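Below are two complexes that have subunit A in common, paired first with subunit B and then with subunit C.
Up next, the complex of A and B:
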């Protein structure tokens, strides 16, 4: 029972990160129908931004988070505006492979600059814990979850309340009608992709606090993001949050009760079952 | 000719290249032979991917799973029964892979588009992880496979597998089967209304696809002499064949072999001149192919209107 409670808490704490990882991926996929295989590369870029700022100026990763978000936003905006927009109407294989190529490119530039050895960030509060009953919680992970919840809430507020957010949602519903109503589609596509990359960067900063860094660190998170989107339902903030938390718990129990080498296989089996039984996800609408 | 088979001239040229490739081991052994076998292997994998991805329009991102099954079948035959025969290995690999494809295909092929692509990627990753935990298959540390004395047999076997894959693709495009596949690609609902049993044909396409990849894997295992999960389920073997089909021309008979020749040549040149950053260049090659040749080289040959038509084709998918 103690083990069960600890696993549940660990799963939820990890799930906060997964929710942020999934959020950007879900926006890009849900609004533009692009599976962004470069998402992991942006996560890596965010993590390395945090690492460079920490090792040069001892800037706390939580403070470098907005910087990483901004940097990756502009990078992503440029990538969509000047590269992906040129093939965005092609059959799905084309954008799929394009983002895969971009990912290879970015990861290998990082490999060239930072080399392949693993790096890590150790802050003053890295080792400290709090205990509630028999359950131990690392401070870093708790704050990570809090920040993850702030980011998802902020994103939800942006999409529902702001003018740009409403334009984005209009575009997702009917791109031609939105264009007729004066929405600048090529600009907004770039904004959405920029937000996706920015959120990936923010997730990367959060990841840099509890995982070690190396240039291909982001790749497994692409599958994680996909599984979370499918679990929770595509293109909504709540879907990403529910999917992320659920995936975190699933992975924690998977490594405890099935075997540490097999937690990815467990997650993927669940993914396949969900895809076959309820393809629109837990919170998804009937006509997804 | 023409129709589903693609450009007739391109097809003749490709057949000529394939025939020339058969003589490589007689003229050059060692490096050139290995390189030639690698071209043939990638071409076979690309033919396999093209059956499902090119003709029925179901983009698989995990076809390497069948290649992996083929390599492991071959490895298990040597490890547990001391069988080195190549035809036996190919035969067993094809049977295992087709069985796997049918069992998984019936639920998986209900998914479409991105969902199908990621589900197949998930299958490849999960299978790799599961194989890495099976002691009978050598678990994470892999298995040795003893190669035959007459090493060039692997080259000729790979050539035969590649030629057979191309022939099968050609025959499919000349038969009712090919039209059923393309009908599913163009509009699955309409095809179903017209009496095409979509599920059945999709499973057939996937099984053929699987058989080709598994046969290539069975030959590769013997030639490589060693198999472990990262070798059997390599990302390169998963993605290169797709880029090759795209470069040559998705849904054409000649495309995969042309793509495999060009991309293997580029990859090999990059590797020998810039070993440190060759993956970086390969990423750039993928981006350039996708941006400037989203419909492949063979499609350009059919473009009407001279250079204006070609220039217009580049912007066809702009937002």
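Up next, the complex of A and C:
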């Protein structure tokens, strides 16, 4: 019972990060139909932004989060506008390969600048924790979850309440009708891709608080994002959140009760089951 | 003609400058030729960092030998050179490049790639081509269970990695009785964990937890909570740097206390101390070599660990890690074997490697019939107040083990 409660908490805490990781990926995939393989590279860029600001000016990672989000937003906006935009209507495989190439380029530039050394951020409060009964919770992870929830709620508010957000949703529903209604598609595509990159950057900052940094650190998170999107349902904020939390809990229980070596396998088996039983994901809407 | 004149002048100038600088310490210019070694090392990919450390270790030896009179083979003096290719951290690429080094570049001696996986594919190729390879960065005993005759590893094999910590633990008071062992699920790490478990079982300790997690995992919280529930005296990990960092952080986050925290990889890399700061204190690490270990090496190369470390630091601007040292040691095995063989024939050099028995700044270089250096003990390091100290074996230690590790809330 003691273990069960601790694993549940661990899973939810990890799931918060996974949700932010999946959110940007889900937006780009759901709205633009691009499986963005550069997502991991953007996560790495966010993490290194946090590292540079921390090691140079001792800026707390939670404070560098908006900066990393902004930086990656503009970077992503530019990448979409001047690179991906040329192939956005091409068959699925073309942007897929393009983002793969981008990822390789970014990771190798990072390798050139930062070398392959493992880096990390250790703050004054790293590792401090509270105990509730037999369950121990690290403050860093708890705050990370809170920030993850703020980000997802903010994103949801943006998409439902703002004019740009509504235009994005209209574009996702029917791109031609949206265009006829005056939506500037190329600009909005760049906004969506920028948001995707910005959210990846924010996730990178959160990740930098708990994990070590190296240029290829983002790669495993692309698979995580993919699984969370499919689990939760594509293109919606709630889908990413549910997918992320579910993945976190599944992984935690899987590694405790099925076998630590099989933690990924358990989550992937559930993914397969979801694909068979409910292919649109838990919260995904059926398409005609 | 223009090309020759333009190219000729600097060449002459450089030759003159070389003669001036090298004539005094040793007659390097009297070399009768150059022995070219070949190596496929990662310059890109996941082990680019380790590949770079390996290359530094090889190059340090090359520069030292060339500036101290070269290698004596029978009556002739040879300079040395190393031809490198980038194996992109990929075992298949490493194998292909070694084939290229031997068949196209006509290299007769191979210095090993980085890592057990790449060393394993490389070993299969050199065996087929009958060219000796000495490596310092692939310690999985599985490479050496294939009956290969041409691959030699200077480092102690994987199963010994954590045994030094256990040997040391048996001398401490109170003697730790229970052990938890978490390993990554790759061949090498599993071997490290099994070696530790076997040793613990054979010496009256109880292994209360032995489990594998996926290599390069981003989440070890389930492993940590399971270990916490068992309250072991010692917690050992066979894995990689990233996992060691993640485990140590998670142990603190979940307030897991033990008398000994020991890692196969991590504590002796500067990154471990830099990343964790004071949370790295008290941690033990099994290590192949440490700059503070007091070995006395044979003539022909720097015999003292400290002197090696200082000279290396001067050349590369950082102190050598064990990756650097074991790479240099691989070159030394070749150097002593070639000198003893008195020949550049690959077969004769292989035979000399098989019978090599020499102490170097890195420790003993001696191979069993499989090519494994089972004669070399693992040293144990401990981080004490941010400094890496050698605390075991007794003969080479420069500090006493700090024990037991205090609980997190009392540090």
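One rule holds in what follows: the second predicted complex is superposed on the first by the 287 of 288 C-alpha atoms of A that agree within 3 Å, B and C clash if a C-alpha of one lies under 4 Å from a C-alpha of the other, contacts with A are read in each partner's own complex, and residues count from 1 in each chain.
We adopt the following convention: a contact is a pair of C-beta atoms (placed from the backbone, for glycine too) under 8 Å apart; a residue touches a chain by one contact, two chains touch by 3 or more.
On a predicted model such as this, the values are computed, not experimentally measured, just so you know.
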{"item": "Partner chain(s) touched by A:251 [first = subunit B, second = subunit C, both, neither]", "value": "second"}
{"item": "First (subunit B), second (subunit C), both or neither touched by A:210", "value": "second"}
{"item": "Which of subunit B and subunit C A:14 touches, first, second, both or neither", "value": "second"}
{"item": "Partner chain(s) touched by A:276 [first = subunit B, second = subunit C, both, neither]", "value": "first"}
{"item": "Which superposed partner A:120 touches (first subunit B, second subunit C, both, neither)", "value": "second"}
{"item": "Which of subunit B and subunit C A:264 touches, first, second, both or neither", "value": "both"}
{"item": "Which of subunit B and subunit C A:129 touches, first, second, both or neither", "value": "second"}
{"item": "First, second, both or neither for A:141, with subunit B first and subunit C second", "value": "second"}
{"item": "First (subunit B), second (subunit C), both or neither touched by A:112", "value": "first"}
{"item": "Common ground on subunit A, meaning residues reached by subunit C in one complex and by subunit B in the other", "value": "108, 111, 261, 264"}
{"item": "Complex contacts: residues of subunit B adjacent to subunit A", "value": "53, 57, 59, 61, 107-108, 110-111, 113-115, 117-119, 121-123, 125-126, 129-130, 132-133, 239, 242-243, 246, 250, 276-277, 279-280, 282-287, 290-291, 294, 315-319"}
{"item": "In the complex, subunit C residues that touch subunit A", "value": "44, 46-50, 52, 182, 185, 211-214, 216-219, 221-223, 225-226, 228-229, 241-242, 245-246, 249, 252-255, 269, 271, 274-277, 279, 408"}
{"item": "Subunit A residues touching subunit B - in the complex, by the definition given at the top", "value": "29, 33, 35, 83, 85-94, 96-98, 100-109, 111-112, 185-186, 189, 223, 226-227, 230, 259, 261-262, 264-265, 268-269, 271-272, 275-276, 279"}
{"item": "Subunit C-touching residues of subunit A, taken from the complex the two chains share", "value": "2-3, 6-7, 10, 14, 108, 111, 115-120, 122, 126-127, 129, 131, 136, 138, 140-141, 210-212, 214, 216, 220-221, 224, 251-252, 255-256, 260-261, 263-264"}
